[in-house]
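Two complexes are shown next, each including subunit A; its partner changes from subunit B in the first to subunit C in the second.
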Partner chain A sequence: MRQAWVIAKREVRGLVSSPGGWLVLGTFWFVAGLLLVSLLFRFRDGTIALAQSGQLRTGESGLHVNDWVIRPLLYNLGTVLVLFVPLLTMRSFAEERRSGNLELLLSQPVRGADLVLGKFFGSMLGLALCLSVLVVHFAVLAAVTRPDWGATWVGLGGLLLLGLLFNAVGLWVSVLTRSQIEAGVLSLGALLLLVIGPGANAEGPNWTQSILGSFAILPRFEDFTRGLLDLGHVAFFGGVILILLAAALRSVDLVRWQG
Partner chain B sequence: MKSDSAKSSPLLLLGLFLLAAGGLLSGVSGPRAYLPRLIMLAGVASLLWGAFNSAASIRFLLFRARAVAEPGPSLNWLLGGAVLLVLAAGLGIRGARIDVTSRGVNSLSATSKGVLKELSRDVELIAAYRDNAMERDQATEVLAVYSAASRRVKTRSLEPDREPEEARRLGINRPNVLVVRCGEVVEEVTEIDEETITQTILRVQDPNRPVVAVLDGHGETSDGRSTLASLRGLLARSGLVFRLLRLGDFVEVPREIRTLIVLGPTSPLLPGEIEAIERFINRGGRLALFVEPETTTGLEPMLARQGILIDGRRILDESPLSRSLGLGPESVGINRWGEHPITSGLGVGLVLSGATRVGLAPQPVFGTSGTDIIRSGNDARLLPRSGDTASVPSAPAALPLGIALEWETPPQEAEAGPAPREKGYARLVVIGDSDLARDSHLDLYGNREFIGRICGWLTERTYLLRFPPVDRSGTPLRVGLAGLQAIFYGVEILVPLLAFGLAFRSWARRR
Partner chain C sequence: MSEPETTAGLGLPARDSRAAADDGRGNDSDVLIRASGLQKSYGPISAVRDLSFEVKKGEIVGLLGPNGAGKSTTLRMLIGFQYPDEGTVVLDGRDVYRDGARARRTLGYLPETLPLYVEMTVREYLDHFAALKGIGGGRGGGKSRAAVDRVLGELDLTAVENRACGNLSRGYRQRVGLAQALLAEPSILILDEPTAGLDPNQIQDFRRLIRDLGRERAILLSTHILPEALEICDRVLILNRGRIVASGRPDSLGDEDQILHLARIRLPEPPDPEARQRFGLTDAGHGQTYRLAHDLDRERARELLRYVAERSGEVLEWHVGASGLEASFRRLTLGEEVV
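So, the complex of A and B:
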């Protein structure tokens, strides 16, 4: 496990010491800020419209910041992660393979499991850095209104789980490819399939809808953003992440023994 | 390998493009509805082919099943993942959901939970909304909450335009409704709120829907008086069958009628009608009588025998509560009630208009059990009758305005026919005003809930009792336009600029 942390730290150092890493982070923070500000303006307009229609009575009826700002913010950030996670994970194995570092690394006494876990923890920390901007956002929201923190933390937990699942997909794809671009494009394609695939069958027969629906990720994530902690969803995300990491590990083993 | 990549990249891009195009066209309906699916299928095939070309490892993964099945950490992780997925499926069926919101927006009230726990038959909730309907998402969320609350509740969604045959089979006649179905009984719900849905569930799975008759023929529904459309809607919504009843002389109250409402007759009932109502009560019938001041119904002697006294004089309530209603000098505001299932937990006050005193005799009649259910404020006076110039208004006092009474009745012989089995006791509610049940006053303050509770108590349909009010409290936004602009500059410019600055620093260091 210690080796995994060493690899993870190396990953994060690689991210924060490269201009590309900061550019990705800055762009994500920009998009997140854009979402927050537009939702806050929408919340303000809604509150004013409600007050003008005479329905607003302080403390009795009104618009809730969780419904109007936090929930759509977290949900939209989940969708935005589809685009950003491949940028974070595409380097992890593909670049090592291209530069020949992977063969070198695999010749060291490092277990495949440590290598995969290290890369996964590294991308997890990268994701945490991306989402760290939410600390600023929540501080702003706490200053200007009164969020329901229970629902907010559960929504944030859901966003983290979603990001970890995306990370696991990106990691596996990265093991299978030799170039960053390929890894990025393939990860994006795989994530798009995961996200829109189950919904794309909306016109299909009911039985296919129910089968694909059970693999749908976004509806499960949406439950978290609503402040609903579904232990079934937690187990689902955990299970899929473990299976993807197992696939990544098996792929690393194949690379180790078969080149 | 380089040549592999060169071959696969256009395929990958083409696959992505086709997927996106198929997704954008997924709204196409009609005979060409298969096109988007075909395009997306081609996209998936292109992606898979590209991936197959690009990475030799995938070939190993696909074809070396033996190698994949080798024991090791990966197999352990795979098994762990599979166990978690099975657990997720199990939890999905059983429902292990914790609503952490402070407003409880993702869970049902204790009333609904209790109702769903008692369900004896499967009930199906079908969201029949068009894809672009605004209420579709809300309905889907509500369905998930109900589905998680009871295994008896099955849910499904369908697009009625896309599956017209199925919609017709399920008894869905129009789009954008929530349909509640139990066996062959189907009801449509247009308002997606918990109270409506729970009561509809109760209605469709209840094979015996009590008939509540409103007596007619004595000015109850004549021109000039506020109509009963709201009362009719309230009863229907509460699972009761509304019927207008003209008794006439020498006629029995039909056996299938369980509850009779006499709503402010302006002329006395015929002697035969009075006798029929008395026989109806004596065989365990339930009566709600709403009387107007200075009007005689003819039922007063019968009521007096049960210890119920109707004063008949008009009430003038000068309490601040009544004056604050701004509905005129005859309005009586009520926020004091006795201990009774009808009034238990009643939160909002009532408004009566032109009321009279209705109370119980000091000495209760043997075998009856009754109580005052509503009282006026302390400043209510009884005005002299019209034309009585000698008398003066009574001293201010808190006056009883409504009573509820029940007593055991002699056992009745069982009768054949569709009549529901009667309980062996009669129930009677008398209120000193009839306007509160009419369209003009039913929706004022707590009148609707009060009338619903009276009907619920009389018909023994407890689900008519109170649902807790929905928490619609909002959160104030303590910032103006200038503050929002400051937030814009902070999170939209400063924070990203920090990251871009660090990117520049890294770039400069590398150079």
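So, the complex of A and C:
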């Protein structure tokens, strides 16, 4: 496990020491900022409209910053991650394979599991760097409004779980190719399939829809953003992440068979 | 140690790969690399076929072969990066596929083209690999720092320790690669084309270093530079089409009669058919000049000289070619016959 952290540290270092890494981080922060500003304007306009019509109420039944700003912010950032996670993960294995570093890494006394976990932890820290901008956002919101922190933390936890699941998809895809571009495009395709695929909005009595629906990701994530902490959802995300990491480990083995 | 078998039809002291594995086991505890029955195919193409050999402590073994002979695949299987279809590799008593992480603790590996993390300085790069190798418990600190300081000194890298790896010359890159391989003081070194791309001075330094390192370690290096094998290897394995086709001391592979010649001669009259065939003479294109279609051994070359002199011909070019090892290498890997 210690070696996994050594690999993770190197991953983060590779991200923050490259202009491309900062471009990804900067663009994500910029997009997150734009989202916050637009949601704040919407919140202000809604408040003004209700006040003018005399329907503005305070307290539990009134307009709440969580409903109008934080929840849509987290939900939209979840969909934005579909675009950004492939940019974070596409290098991880594909570039190591292309450059020959994978060969050197696997000649070290490092287990395949440490390697995959190291890459995963590295991408997790990259994701945390991306989402660190929310500290600023929440500080601003805390200064001017009274957010429901419980619901906010649950939503943030859901966003992290969603990001980690996306990371695991990106890592797995990255093992399968030597080209960063291919890894990025394939990851994007896989993530789009996950969030807007047939399972995403499956509802109704039809048994196929209910099976597909049970694999839907966005409805579960939406529950988190609403502040609902469902342990079944946590187990679902955790289980899928573990399966994807196991698949990545198996694929590293496959690389060793293929050479 | 039993005498090596002879490769059929080649007249060389070559060992069948099984035989190579069987002999040389005078003291089993000295065997640090043991490859047994390695096979690897890429689809219908057999890259490595029934490859077996051993390398003992204090021995430097050269893996020779033309491009595509299976050298890189063999090395990759030895370090555990690639799985064989069949066979086993045991490094210092540990199976590299079953007990990989522990087996690789005894291993230092230098790939042909060293991939470096360009943003890291040389010291940071070595610190990173020291942590990966678990030196000092992987926490950095005293032992790790001492190991990095040691290899920086041994490989004369102290002057560039704070330079970014991306700004290093080829020679320094190779040194950094070797420093990485030596960090954990491994008992086994596997070096893939260690002197490729170095200038002549660097090559000499590197060969001297490898010889020094080989006193206490088992070293397997792949090369296609035959003088290098002659200079530093105690034993060579010649690989062709995935098989060991010859094995033995480099100076014992091939005999003195197999010195080759490249020649161009001018004769006043066209040579008779018998001479053409005997010396392999072909027209060189302009006015009664001829060249050799194939190499000649020393005796036949003398005969050719006599033939030219008797006919008052001229020798326009006359090059003593390769050493015995080179001749053997060409015969074994290209199927070229020395007449």
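The definition used in the following text is that the second predicted complex is superposed on the first by the 245 of 259 C-alpha atoms of A that agree within 3 Å, B and C clash if a C-alpha of one lies under 4 Å from a C-alpha of the other, contacts with A are read in each partner's own complex, and residues count from 1 in each chain.
Rule of thumb we're sticking to: contacts are C-beta pairs under 8 Å (C-beta built on N, C-alpha and C of every residue); 3 or more make two chains touch, one makes a residue touch a chain.
These numbers come from a predicted model, not from an experiment.
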- Room on subunit A for both subunit B and subunit C (clash or fit): fit
- Task: In the overlay, answer first, second, both or neither for which of subunit B and subunit C A:100 touches.
- Result: second
- Item | Touching partner for A:108 - first (subunit B), second (subunit C), both, neither | second
- Task: Using the superposition described at the top, determine whether subunit B or subunit C touches more residues of subunit A.
- Result: B
- At the CA centre of subunit A, how far apart in angle are the CA centres of subunit B and subunit C, to the nearest 10 degrees? 160
- Query: Touching A:17 in the superposition: subunit B (first), subunit C (second), both, neither?
  - Reply: both
- Message: With both complexes superposed on chain A, which partner does A:52 reach: first (subunit B), second (subunit C), both or neither?
- Response: neither
- Message: Per the contact definition in the header, classify A:6: touching subunit B only (first), subunit C only (second), both, or neither.
- Response: second
- May I ask you to decide whether A:193 touches subunit B, subunit C, both, or neither, giving the answer as first, second, both or neither? first
- Query: In whole Å, what is the nearest CA distance you get between subunit B and subunit C after the fit?
  - Reply: 8
- Do subunit B and subunit C touch any of the same residues on subunit A, and if so, which? 17-18, 111, 253
- In the complex, subunit A touches subunit B at residues 16-23, 25-27, 29-30, 32-34, 36-37, 40-41, 43-44, 47, 50, 56, 58-66, 111-113, 133, 136-137, 140, 143-148, 150-151, 153-154, 175-179, 181-182, 185-186, 188-189, 192-193, 196, 200-204, 206, 214, 223, 226-233, 235-236, 238-247, 249-251, 253-255, 258
- Task: Could you pull out which subunit B residues touch subunit A in their complex?
- Result: 1, 5, 8-9, 12-13, 15-16, 19-20, 22-23, 26, 29, 33, 36-37, 40, 44, 47, 51, 54-55, 57-58, 60-61, 64, 67-68, 72-78, 80-85, 87-92, 95-103, 105-106, 131, 141, 144, 156, 159, 162, 472-479, 481, 483-484, 487-488, 490-492, 495-500, 502-504, 506-507, 510
- Residue numbers on subunit C that touch subunit A, as the complex places them: 40, 42, 73, 76, 79-83, 100-102, 104-105, 107, 109, 111, 113-115, 117, 119-120, 128-129, 131-134, 137-139, 180, 190
- Footprint of subunit C on subunit A - complex, ascending: 2-3, 6-7, 10, 13-14, 17-18, 99-111, 253, 256-257, 259
